[in-house]
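Report on one structure; see the data block that follows.
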Amino acid sequence: MFLEVVRSESLSHLSFLVGDGGRAAVIDPRRDCGIYMDLARRAGARITCILETHRHEDFLTGSKELSLLTAASVYHGGKSEFRFGNPALEGDIFELGGIRLTVIETPGHTPESVSYALAETRFSDSPIAVFTGDTLHVGGTGRTDLFPGREHDAAGQLYDSIFNRLLPLGDHVVIYPAHYGAGSADNTSGRCFSTLGFERRYNNSLRPMNRDAFIASKAGERRPLPPFCSLMLRRNLEGPPIMNGMPQPQPYLPDDFTGAISPGLFVVDTRSPEAVCGSYIPGSLALPLDRISEFAGWFIPYDSPIGLVVESSSLVQSAVSRLVRVGFDAVQAYLVNSAYAWGVSGRSRGCIPATRISGGTHRRNVLILDVRTPGEYALGSPAGAVNLFLGDIPERIPEIPRDRGIVVWSGNDDRAVIAASVLRMNGVESVEIGLGTRESCVAPECVMATT
Amino acid sequence: MFLEVVRSESLSHLSFLVGDGGRAAVIDPRRDCGIYMDLARRAGARITCILETHRHEDFLTGSKELSLLTAASVYHGGKSEFRFGNPALEGDIFELGGIRLTVIETPGHTPESVSYALAETRFSDSPIAVFTGDTLHVGGTGRTDLFPGREHDAAGQLYDSIFNRLLPLGDHVVIYPAHYGAGSADNTSGRCFSTLGFERRYNNSLRPMNRDAFIASKAGERRPLPPFCSLMLRRNLEGPPIMNGMPQPQPYLPDDFTGAISPGLFVVDTRSPEAVCGSYIPGSLALPLDRISEFAGWFIPYDSPIGLVVESSSLVQSAVSRLVRVGFDAVQAYLVNSAYAWGVSGRSRGCIPATRISGGTHRRNVLILDVRTPGEYALGSPAGAVNLFLGDIPERIPEIPRDRGIVVWSGNDDRAVIAASVLRMNGVESVEIGLGTRESCVAPECVMATT
Amino acid sequence: MFLEVVRSESLSHLSFLVGDGGRAAVIDPRRDCGIYMDLARRAGARITCILETHRHEDFLTGSKELSLLTAASVYHGGKSEFRFGNPALEGDIFELGGIRLTVIETPGHTPESVSYALAETRFSDSPIAVFTGDTLHVGGTGRTDLFPGREHDAAGQLYDSIFNRLLPLGDHVVIYPAHYGAGSADNTSGRCFSTLGFERRYNNSLRPMNRDAFIASKAGERRPLPPFCSLMLRRNLEGPPIMNGMPQPQPYLPDDFTGAISPGLFVVDTRSPEAVCGSYIPGSLALPLDRISEFAGWFIPYDSPIGLVVESSSLVQSAVSRLVRVGFDAVQAYLVNSAYAWGVSGRSRGCIPATRISGGTHRRNVLILDVRTPGEYALGSPAGAVNLFLGDIPERIPEIPRDRGIVVWSGNDDRAVIAASVLRMNGVESVEIGLGTRESCVAPECVMATT
Amino acid sequence: MFLEVVRSESLSHLSFLVGDGGRAAVIDPRRDCGIYMDLARRAGARITCILETHRHEDFLTGSKELSLLTAASVYHGGKSEFRFGNPALEGDIFELGGIRLTVIETPGHTPESVSYALAETRFSDSPIAVFTGDTLHVGGTGRTDLFPGREHDAAGQLYDSIFNRLLPLGDHVVIYPAHYGAGSADNTSGRCFSTLGFERRYNNSLRPMNRDAFIASKAGERRPLPPFCSLMLRRNLEGPPIMNGMPQPQPYLPDDFTGAISPGLFVVDTRSPEAVCGSYIPGSLALPLDRISEFAGWFIPYDSPIGLVVESSSLVQSAVSRLVRVGFDAVQAYLVNSAYAWGVSGRSRGCIPATRISGGTHRRNVLILDVRTPGEYALGSPAGAVNLFLGDIPERIPEIPRDRGIVVWSGNDDRAVIAASVLRMNGVESVEIGLGTRESCVAPECVMATT
């Protein structure tokens, strides 16, 4: 048998190609799905089925696209009504050469979530591994707040799925979840495998607690619920639009980039934070490459044509992939030589300075914004910083004071530079990036709402 | 400015990306046209126009496909009525940054053939190079027998185009033709550039001769006119079908390859001649990779689904490219591990032995077939060999004697193994490959027709 | 943390790059070790230590070469006296960012074998995985017959290592062995991971048995002990020669290949079995690419310069890698266009036919040789076949009958074509490849020795 | 025949692989010479000779390194005394299959400069192309000021070589020079081919003039003569040091980068100008990737170990290549995630702002430095700018005023950011990048020397 793990960095997403004897299944494919066909060819296997663990809320599924390319059948958990594919019900079996995938219904994260137990029958009918979707992660569990009003039911279902359906498979069973990097930002592991036994012992979310305690714990989780989740959920139910090949933005020189393109072009600058800081193109949204899928849906209108600013032309398709994964297909142009050409053309450009912030010693007349999540903020923040989550900035612009400089901080440059560009796009000109490590953080003071 | 030469081996075809200042033109694109977009990106240039030198008869143009991907406009010579694109007329100019392409009408090979003179205006308005299409090759000239009955007119036009339109541009002008490897097989050069002055002096086809002598010489050329030429010409006038991405054949194990696929699957074996000889899959057509575009149209029905046998999965897309270039889009499957898997599966397979042939000493009871063109045969062939051009074999099958072994010879293994497989497909079992170099050839004796 | 698995097909060997926080360890590197540096760069990690699980007997270690390139320190189990590197003793700890590798002494396969337990300390000090070297495989255990006369002691040590040192780590611990594809040829899995719990339950070698039964079972294993094992073991103790970059064989045309090169050139044909069958180059040894490392040491003199025949020039370095892994560094030349050019040049070449063999019905006057191992033969073979293990052919040549045709069979073409070429090199001309699946095998009759 | 052109961007250098019939010659190889072996393999040709057109002064030759890897012989013009290789004298002939390279002595740029005329003998013994080294460029001629005191002799020789040796070959002959982008910066072409006839007509340096006028014109050329030229010339005479594989710098996190490395580490920041501007690492030299070979020799001590700051790890080897080409082999480390990690680690970093400068309207209290060459400055510069060539900054530091801000301008960001970093390294803190196109330039006012 072979098992290939496909990591999609920008989504912290894992998908899998597993097969034997000339046939393969893909589990939870992303939308730019050429990689599965390449891997299947290298393995000499034909993709004959596509298995979804659940209806994703953070990206568009590639199952419909891949199905068209391969003629493979798609299967989803049977407890939601999909407009494409087939139901995978408890106990259903998929045989591929010498391996067998068995459906285990594990609702909670979504009502129709399923897991797939993997057995290599020449060794044993008992599973060696299980694909757990967003039911059980390495060091965490799936969120249960996707459907407002049903949080408690969902958390109870998740408890039952983990403790009564998955853990009984045995400590020795390897798990492959649909995401990596669970838990808080300070507690992530790039590891994409674990075992049921290891999680039973060391996953904080599963610490010896009864059903009620588990539900209460899940209810207390505070993570932003992006506005585009409902769109993703709806499209994944219907089947996302078919792309017929990836969008192919064309290279443009500065004059053409701003002129020849339709005036509504939304400019997304995918360069590194420091490059954006050194040469900010007025009006653009900064979205460093590895943050595109995570934040595009917060800031980019879904009906705008998109123009990219890139570090180099070799990165264009990486940026495009990260955009289509979350539903932005109208990527039409990119700026050749990016900010360099921009400056050489004599156009104005901005500079976003960086400033060190440390307990009490920084300049008085600034407001420090910690743009991380409330959950991260609660664990510590630079002295004097107030919390305004990055995704909430646009609607909170009127509250931003104009009589002081703004210093945005996120513990690294990524989210800070996004925040700085969002502020600049919205007319807040005096913005700096705050330098300073998480180690220097103190107990937080307040959230922006209270200023 | 930049100038990129794209060689398409299997077609002996040349196409070009030329541009400056962020814009580029593609000249005579092939149908698998992603390469032009990749090169343009690397050059930081947007493809804004697609220029055809003429209506190709040996492959399908990629201009319509590329136009859809880039929004670039297509231009053809104005003397034929195309159903897509725009006319390029004598003196029309295309400016791309600091370069200028000027249309020169050069009919002959086809009525609407044009050449494009290239000037880099910061040096001079006078051209540094000219794209000559099939009007003037390195060491040869375009064929003038595509339209039966008009050969003399066509040859006269070609003479005028070369001697009155191209050569006057000056000896110092570089030429870039649409094909390389002109002239007879023994006289080819892989060189894809030359100058008007060099060709004026050393191209045998242009040896000091007057218009009448030139016409007579062209009339005497004897090359096979493939049956699919008229199809290519017609489709190139209409605009070839749009592919929306390349065909993606799936890997199949032997059982599925022959069973699950529609029974009409036409099997094309693209492996090396020696691999086919060692393990011939009954019923398959041998077409070594670099001969696919040249011979597919002679043997494969245009309405059959195609299954490939390949050396390794990394070569599948190369084979697919070579097939779509000449209009075969229904490539559905390929055999995993090819003949190896076939043999291991216990299926029967054949062996095509090789035998040395040299003047008079070979076994008596065989018929040696020289499967090259009549033109090549006329220059010398193994002693005792008769000529039957490869492409003519299917319709001449009844004439093949069954009381003797057949030895096919082509000076190399490529065409011989194709011929051997065509004979085997048609029930002639006793076939061997003849080994022996061209050096050992003698004056030919007869063509097959007379046996 | 990150964990990259490097598969070396031709050796069925696994090596690993594991790290965190900008540092990485490599476990059991192969000799062509550029891949570890590439992976480390991609992970943004510096290789700071190189850990050997044991003194390999089937390939040369890359630890010394990699150490020179990276300045990383090498560690081996402390129970053998290496002439390079440092001892890794029970309980020694290697910390790399947030991961910890702990040495567990697990003698048996070799006296100094160690395993490395991997913990990700931000989750737990308890291990999530263990690198088991050749102590415990997926579905098997390491061989214990490397040091004649010490088989029983070695098997006893192996029992203690597995049952008393590894299994107590817990069912939930993932294992990463140094080889995949353990067990008999019919029972292999390409899987390169398992857990202690899964192996405890389903690994046939660990079936509930006491120490004595385990030792008896290991003593009964019958696998060929290649003659080059002692050389590998000795060189791995001393530290293999440093290559200073991979050998770079130059392309040669047939004339130069046989002429200009030193007359002692040993020709190795790495093409597919069917290509060798279709065009066998006299005097060459057939070694299909994926069998090179396994069989080179049986047939190639260690002091000969080597010339390659390859499918295409893109495969040259793959062949070179597979040769240097087992100590053949003098790869000087390769044949351009391989057998194709050979035939075109008019040189003689042979053909190795294939013939179907099935119970009793095949031609009488042949001897069928099953060239697999005695262990495989014992499980079933074509009717009438006698066993002569491939590696033993050279020394048994005088016993091969010349009055009958020889049909070599191995259940696939790989080993059969090697055997056929070895017979041809040694003057046995009438050789055919036997086609026929394992399914048609019957109880074996005899070994070659008895004919 | 085949002819491959290898462009080395950072050197504006051209080298060539040309061959036929299984053999190839390399002309003017660069030091990172793996590319020639790769191309030769793809062409199925063995490199059998290495031909130098002259002793290069701007980079180290790769001929000695390539000779060791291939066993090919090296040839130089016979008029200088090399310590390796063989003399190529007037009329010497190199035959490779069907092509012939003939030596033409063309002194001038250096005393031993030669050109190689290329004929494809199956067409004609007359050349189709000539490799002109630094004797004749596209749109320019080689410099004649390398050997002080011999400028007039050199210019006269160059005249004779071009007018009496090259041009007589005929207008139709293609030229392939050793550099592209000749002429002033505003007049460059990326074109790497031309013909003798085109240059005779349109190359400004060859405008109808007699020998004396040509000499006078060459004497008037004013280009900086880098301090490392004499070192390059000397090493190219002796044969540069052998590398035994490219340097392989290891990735380091910030702490290790500055700490664990020897304290004398010279930090070279190869990121884009805008990234350096956004996050300048104190003490580092900015050298954007494509400017490395051109400016490294002006600023980096030849005996320092080098640490790189890179945009991404995939660009490390590109930076290394550009450094070894000009003799910097001690590249030991690179900073992982570059400036990003630097900032996250809490280290201080700077910001180099950009400011628009246009005629008279900019801020009064600044000094605008035009850091281009005197030749470029003479053709126009921003109003008020004084000229201080980039390479001269270190020795002119004491003259830089400290009471005003410094704005560095070069018409693009590349040289400006290098200049800014050199000023910062030398204690001039108040530095900005001047934005503004060449189009806005006016007649220059003065050079720095006069302030």
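Note that the chains are named A, B, C and D in the order they appear, and that numbering of residues resets to 1 at the start of each chain.
In the analysis below, a contact is a pair of C-beta atoms (placed from the backbone, for glycine too) under 8 Å apart; a residue touches a chain by one contact, two chains touch by 3 or more.
Bear in mind the structure is a predicted one, so any value in this text is a computation, not a measurement.
> Would you identify the chain whose Cα-based centre sits farthest away from the centre of chain B?
Max centre-to-centre separation from chain B belongs to A.
> Going by the touch criterion at the top, tell me which pair is linked by more C-beta contacts: A-B or B-C.
Between B-C and A-B, contacts are more numerous in B-C.
> Can you check how far apart chain B and chain C are, centre to centre, with Cα atoms defining each centre and the answer in Å?
44
> Can you check how far apart chain B and chain D are, centre to centre, with Cα atoms defining each centre and the answer in Å?
Centres of chain B and chain D (C-alpha means) sit 41 Å apart.
> If you average the CA atoms of chain A and of chain B, how many Å lie between those two points?
It comes to 48 Å between the two C-alpha centres.
> Can you list the chain D residues in contact with two or more other chains?
Correct list: empty.
> For chain C, which residues count as touching chain D in their complex?
21-22, 37, 40-42, 44-47, 69-71, 244-245, 248, 250-253, 256, 313, 316, 336-337
> Which residues of chain C touch chain B in the complex?
Residue list for chain C touching chain B: 271-279, 311, 338-340, 343-346, 348-349, 351-354, 356, 411-413, 435-437, 439-440.
> Give the list of chain A residues in touch with chain C in this complex.
Listed in rising order, the residues of chain A that touch chain C are 1-3, 120, 122-124, 126, 128, 139, 170-174, 187, 189-191, 193-198, 200-202.
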